[in-house]
Amino acid sequence: MSRTDLLIRPIAPEDEPEWRRLWTGYLEFYGTQVPEPVYASTFARLMGNEPYDPIGLFAVHDGRPVGLVHYLFHRHCWRIENVCYLQDLFADPAVRGQGVGRALIEAVYEAAEEAGCPTVYWMTQEFNYAGRMLYDRIGEKTPFIKYQRPAG
Amino acid sequence: MSRTDLLIRPIAPEDEPEWRRLWTGYLEFYGTQVPEPVYASTFARLMGNEPYDPIGLFAVHDGRPVGLVHYLFHRHCWRIENVCYLQDLFADPAVRGQGVGRALIEAVYEAAEEAGCPTVYWMTQEFNYAGRMLYDRIGEKTPFIKYQRPAG
Amino acid sequence: MSRTDLLIRPIAPEDEPEWRRLWTGYLEFYGTQVPEPVYASTFARLMGNEPYDPIGLFAVHDGRPVGLVHYLFHRHCWRIENVCYLQDLFADPAVRGQGVGRALIEAVYEAAEEAGCPTVYWMTQEFNYAGRMLYDRIGEKTPFIKYQRPAG
Amino acid sequence: MSRTDLLIRPIAPEDEPEWRRLWTGYLEFYGTQVPEPVYASTFARLMGNEPYDPIGLFAVHDGRPVGLVHYLFHRHCWRIENVCYLQDLFADPAVRGQGVGRALIEAVYEAAEEAGCPTVYWMTQEFNYAGRMLYDRIGEKTPFIKYQRPAG
């Protein structure tokens, strides 16, 4: 597969079954699952136009979706424009290493640029070696680590 | 100073000079500065009621602000409710180690809980040892690290 | 290549040319090189029997060396027996992912066990993703990080 | 306490009781303990002259030992001379922040230099914030992390 065979396009309403398939694969990668109402709510938000709702893109090869990305914008106290948080990125294992992840991240870079919000960031597990091989080429590691409120 | 001497309260319009003083201290901690329009814009957002704008709290001791926190809510594709991102936390160096940071984080936990968004997270530099001494007690480190789009 | 095709054996005097080839590949992985006297000295130590000198093993496939490991023993104040420090590990890129690294590490585990020194450790760069994929399966990450005296 | 009040000197046979007290404090810091034969064996090695045995120094203030360091030399395949591994470092909590740790590390730098082995390294837990505050000033963090053979 050459990268020129890849089409990056917005996720559309008729994509819901394929979106569910790919997003489930992503959630499985993180060893998690979400209940049906979250699938429904997240897909509805992806389809809407609310400015702070997530936006989704598909990577399509030969007419078949093989990857997805979800991103959203949020305020940042250090600047006037919003920043772009790339939350979910997934490439079908069958097409790994063929530029799907890179093409999706680059598409988010462009979309953020067009939205006037050039800052794009994401988080990944320190031991996501396969992901980090890509991220080191296309992004840069920061010294920031994530803390969270302990579970109840 | 005992922790019962600390009052945590929303930042109010008349607090702008003290807010500027404390936030400048925070930015200096990160070796950075922001231009005047960012001070103005961020303070205006803190004073407003837009649901995706940042919210600010002061820690006040003997009538004097000694710390601040900024937090905001954003969507999360894995759940229906928003999550709370604690973006900026600062305690005046003169009161370090006296519970100001802890009281501010706990106040954000409560505010997020009341907003129906119990997930609270923040990011810190791996080598922010003083901060992490507190965060390890009041929060939990995750394996997530932050990547970003390279500058220009 | 199945793992049963692999022979792990001590490096012998007549292996010097192949040892130089593989060890140079390893040093190149780390973006470094060493002068000729270090090649000579290290090989001489590998061939000797001094108890604190390094020991070397080859992984051989179809009669051809495809990987090497160097390890040594040193004192440890917390225990009576020595510990085993696995210093250098290399598999020819042409055979990566085929069990050479694993077989060499397991051979060191056995050699250390036989020497009465069951503790084996090694260090790797945080971003050595390919290596860590293996190390996470065959070893365990500790929370220890390495500091050094600054150069010059 | 000014740093000029500190004397760094070799641990001597008559120091055994004080050495046991300080080293126990160090082991407690790591949440561990060692059996009596390890105390005896390690102290005997510190008192001997075997080239690969550990060497110990005391930091003494007003005639009272307030800190210790253990270091040893081992082979390194990348160079001809040995390297110095600074294994254990401890300052009595009562004197923390007063330069004891720094003086001990600098004494090891000097001893290694005199031994013709200028490379000195040590390992510390990623979350040893107090230690790292010092190490970042006097040493440099490397990207190396430690893996070990899993416990039987």
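For reference, chains read A, B, C and D in written order, and residue numbers begin at 1 within each chain.
Rule of thumb we're sticking to: a residue touches a chain if its C-beta (ideal position, glycine included) is under 8 Å from a C-beta of that chain, and two chains touch if they have at least 3 such contacts.
Chains and their UniProt names: A, B, C, D = GNAT family N-acetyltransferase.
All of these numbers come straight from a predicted model, not from anything done at the bench.
K.L.:
Using direct touches as single steps, what is the fewest number of steps from chain A over to chain D?
P.N.:
So the least number of steps between the two chains is 2.
K.L.:
Given the two chain pairs A-C and A-B, which is bridged by the higher number of C-beta pairs in contact?
P.N.:
Between the chain pairs A-C and A-B, A-B carries more contacts.
K.L.:
Tell me which chain's centre, taken as the mean of its C-alpha atoms, is farthest from chain B.
P.N.:
Chain centre farthest from chain B's centre: C.
K.L.:
Could you give the separation in Å between the centres of chain A and chain B, each centre being the mean of its C-alpha atoms?
P.N.:
Centre separation, chain A to chain B: 26 Å.
K.L.:
If you average the CA atoms of chain A and of chain C, how far apart do the two points sit, in angstrom?
P.N.:
39
K.L.:
Which chain B residues touch at least two other chains?
P.N.:
127
K.L.:
Using the contact definition from the top, classify how the chains connect: line, ring, star, complete or other.
P.N.:
Chain contacts: single closed ring, each chain with exactly two partners.
K.L.:
Could you list each pair of chains that touch one another?
P.N.:
Listed in label order, the chain pairs in contact are A-B, A-C, B-D, C-D.
K.L.:
Residue numbers of chain B touching chain D in their complex, please.
P.N.:
127, 129-130, 132-133, 136
K.L.:
Per the contact definition, I'd like the list of chain A residues that touch chain B in the complex.
P.N.:
27, 32, 34, 37-38, 41-42, 45, 51-54, 70, 72, 74-80, 85, 87-88, 109, 112, 118-127, 135, 139-150, 152
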